[in-house]
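What follows are several structures.
Two complexes follow with chain A in common, the first pairing it with chain B and the second with chain C.
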Partner chain A sequence: MSDQPAAVRLTAALPAAWRDAARLEAHAADLPAVARFVRDRLGYAMLTNLTAVDDLARGEIEVVYHVVSPAGGAPLAFRARTPRAAARLPSLVACWPGAELQEREAYDLFGVTFDGHPDLRRIYLWDDFVGHPMRRDFPRQGDKYIAGAGEE
Partner chain B sequence: MSAHESQLLQVNIGPQHPSTHGVFRMEVTLDGETVVALRPVFGYLHRNHEQLAEASSYIQTMPYTDRLDYFNSMTSNYGYALAVERLAGIEVPQRASYIRALMSELTRILNHATAIGFMINDMGAWHTALQFGMREREKILDLFEMASGARMMCNYFRFGGVVRDLPPEFLPYFDQLMRGLPAFFDEFEQLLRDNEIIVARSSGIGILPRDVAAGYSVTGPVLRGSGVPYDIRRAEPYGIYGELAFDIPVGSVGDVYDRTLVRFAEMRQSYRILQQIRERLPDTGGGHINPALANFGKQKALRPPAGEAYARVESPKGELGFYLVSDGSTQPYRYKVRAPSFINLTPLGAMCRGHLLADVVVILGSIDIVMGEVDR
Partner chain C sequence: MATEAQLAAERHGVFLTTVTRLYNWGRRSSVYPLSFGLACCAIEMMATGMARVDLARFGAEMFRASPRQADLMIVAGTVTKKMAPQVVRLYNQMPEPRYVISMGACATSGGPFRDGYNVLRGIDLLIPVDVYVPGCPPRPEALLHGLMTLQAQIDAQRLDAVRWYSDREARDHPVPSLGRHGLELDGQTIDPVGGLPLLSPLTSPHAEEQRSGQLEHPQEIRLFPIMDDTVARETPWRARGVAREIAADDLKRGGAHE
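Take a look at the complex of A and B:
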């Protein structure tokens, strides 16, 4: 699925940045350097998709970035992981302004804090909502916001 | 000259406002009538679509994708079917791919015809222009109803094809529609393209310069209006799009007028594609669905192998992507919708800054959003 020659160039150019080079999984601290290389040297000017996956079994949240080149071709996917208990990653808004709303969405639904985001607030849920509903252990039934939930 | 004390004013546009295209709110800070800052506020239609999909089997989500972009259920179906097919390694027969592309291009025409009409509504030409677009849309919805049984919530796609082949009355009605479309394009453009209201209200308004457009991740007519010839049907062809001849219209300035011109031109390109599909459709082989999945029980029992897939289609509003992670069970471990209307709103504040309050609704109209997809 991913762009193979670009992945090879990326891992060769930044050999120390990877926690798992085969999956293009970067160390959290190296994420901005990876992003700049991907944008400036490999030509991926668009961050088309940013999303999180809750890996409950390993106690981590993975944030996946799909980037594309305006010249065409398949997207390149790279990722970074962060512990569920204190989920933090560097923001990529400075590199791709298109990350702004997408990082807010991952913050709201998964509880990942993006350091350096200019305006990190909840986006869909209201400000005093408690919890992050896309986490796999968020109760799917009986939460206090559902009318009549406490009545049975 | 007298010096007047001026003070910034906060105005809420929406959530209940006819020009926010649904329940959407913009917090606008004004200096007189000039926009100083604009913050979009989301979430009024949020229903955690993604979590519902993660608690459902793969095929149960298909009708639910209709409700994302409820104007264009066919392309929403297409994006989701493509992602599951990529995840599970499902082949699609040739005829099914042709039918899918036919439905996608009809969708593009109906979307653009009404998107232009709705934007002109926002300019104050109340509903007259829109009726021209709505008239053609009705005919296309009749075709959707013949094929799928429903006009808007089509639920027509299945993994490996479409739910049923085109009925016998479909092609004669389709041919009749095609005979009328060029006259519709001419009339619609003649009425609107050089119309004084539209030119005055849209040229130089809401400019998104070419060099920053890609960085904002905008796609579809918004990106192409800024002069970037990026179209997923060409950039990463899916289905039969690699075999079809069509041009990618682009704008030069990146203002509201350019985005409108791109939509006019794209309708004609979709017509060109439909002509090619119509010509080749009788000779296509393979049936409307992969025989291994023709039984609905097989669709319900689908268990893609563990892994991940990202697939995207060029929906009329831009790049519609679906990201799926499978753990080998009948339900997706992660299901994510990359909604074009949502991400196209990223530069809204930057595009509105310095313009008049009355231009805000026009700029929003030119992005062409649908809240079912923005809030999910």
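Take a look at the complex of A and C:
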């Protein structure tokens, strides 16, 4: 892969930070250190995308961070996992201010709490709403799901 | 006989008609829409106003910036739950007689987003609709046909029968609020986030704006498992609201993790 050099430098510099170094999956506690290294030493000054994946079968939520370097070069993605029952990760707003709105989005729709976020509120749904609709076990009982109701 | 007298009068430059027809002719020829669009359908609505299909031929090209000056609300696009209170408020601000065209699948039923968490499942849950235009998006010709259908409906109205010239007062439609589980009217959840509408749609003004009383899938109406334990008695995955394909093959990664 074209981002191999950056990924290799990253895993070599912080050998203890990884839960799964092959897919750049960091321990939650080491996320700020990884982010600082990625930004300051590897030059990835911009966080373009922060997404979450609900891995229902493993009971974990994976948050994926996509970063690019304004100087050019391949983008990089690293990730961290957190149990869905108590989803909690350190916030990276201090590192990339652009993470603020995106962490609020992940909090709103997936229910991941970002420790250290300056203003963790819902962003799309209204404040009174209960639940996190992008989680895969969020009740979905629309027409599509009714069709198979007699089976199983 | 009456026709002959009419023709004779017309030869002398006197034109006879009924008050109702004159009124309806005036109203049908100047149906000013409210200029607001909500999603992709609005692009087709704009195309309808442009030169090629030219809404102006039907007297409806005057998109008004204020609901006080508008006769017609074209609900063009996806009405999100957060937008729904504003749409009802705009409708309440329009002077009578007022008409609503529900343009596209989204405005009519929630469309492709019906099973999503964020979209109102049909604007007729909140305000009465005169003409539904199907499509995703409907072509400008379809919207034009919707307008012509509306004009035919206006032509058929009788001044002594319509509500807005009688002494029965117009009522404001209640504005929904955003509650814990979805849209609420008077503290009752009517369109939950995840689920089905719990309210029957309104009929058009010609039918006196009643609720039709017909829920969709009444036997299947359920709220969240935390609110309704009949769901919890089913299989565990279903109890958690997970579709089978999701439980069996997480994210189509090529194998279940279980």
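The working rule: the second predicted complex is superposed on the first by the 139 of 152 C-alpha atoms of A that agree within 3 Å, B and C clash if a C-alpha of one lies under 4 Å from a C-alpha of the other, contacts with A are read in each partner's own complex, and residues count from 1 in each chain.
Everything below uses one rule, namely that a residue touches a chain if its C-beta (ideal position, glycine included) is under 8 Å from a C-beta of that chain, and two chains touch if they have at least 3 such contacts.
Keep in mind that this is a model prediction, so the values were computed, not measured.
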Partner chain in contact with A:137 - chain B first, chain C second, else both or neither: second
Which superposed partner A:48 touches (first chain B, second chain C, both, neither): first
Contacts of A:128 with chain B and chain C, given as first, second, both or neither: second
Contacts of A:66 with chain B and chain C, given as first, second, both or neither: first
Touched partner set for A:58, first chain B, second chain C, both or neither: second
Touching partner for A:98 - first (chain B), second (chain C), both, neither: first
Residues of chain A contacting chain B in one complex and chain C in the other: 53, 124-126, 133-134, 140
For the chain B and chain A complex, residues of the former touching the latter: 42-43, 46, 48, 50-51, 55, 86, 212, 214-219, 228, 230, 234-236, 309-310, 312, 319, 321, 323, 325, 333-334, 336, 338, 342-343, 345-347, 375-376
Sites on chain C touched by chain A in the complex: 82, 114-115, 117-118, 178-181, 193-196, 217, 220, 222-225, 231, 235, 238, 240-244, 246-247, 250-251, 256-258
Chain A - residues contacting chain B, complex: 1, 45-49, 51, 53-54, 64, 66, 68, 70-75, 77, 96-102, 109, 123-126, 133-134, 140
Of all residues in chain A, those that touch chain C in their complex: 53, 55-58, 124-126, 128-131, 133-134, 136-146, 148-149, 151-152
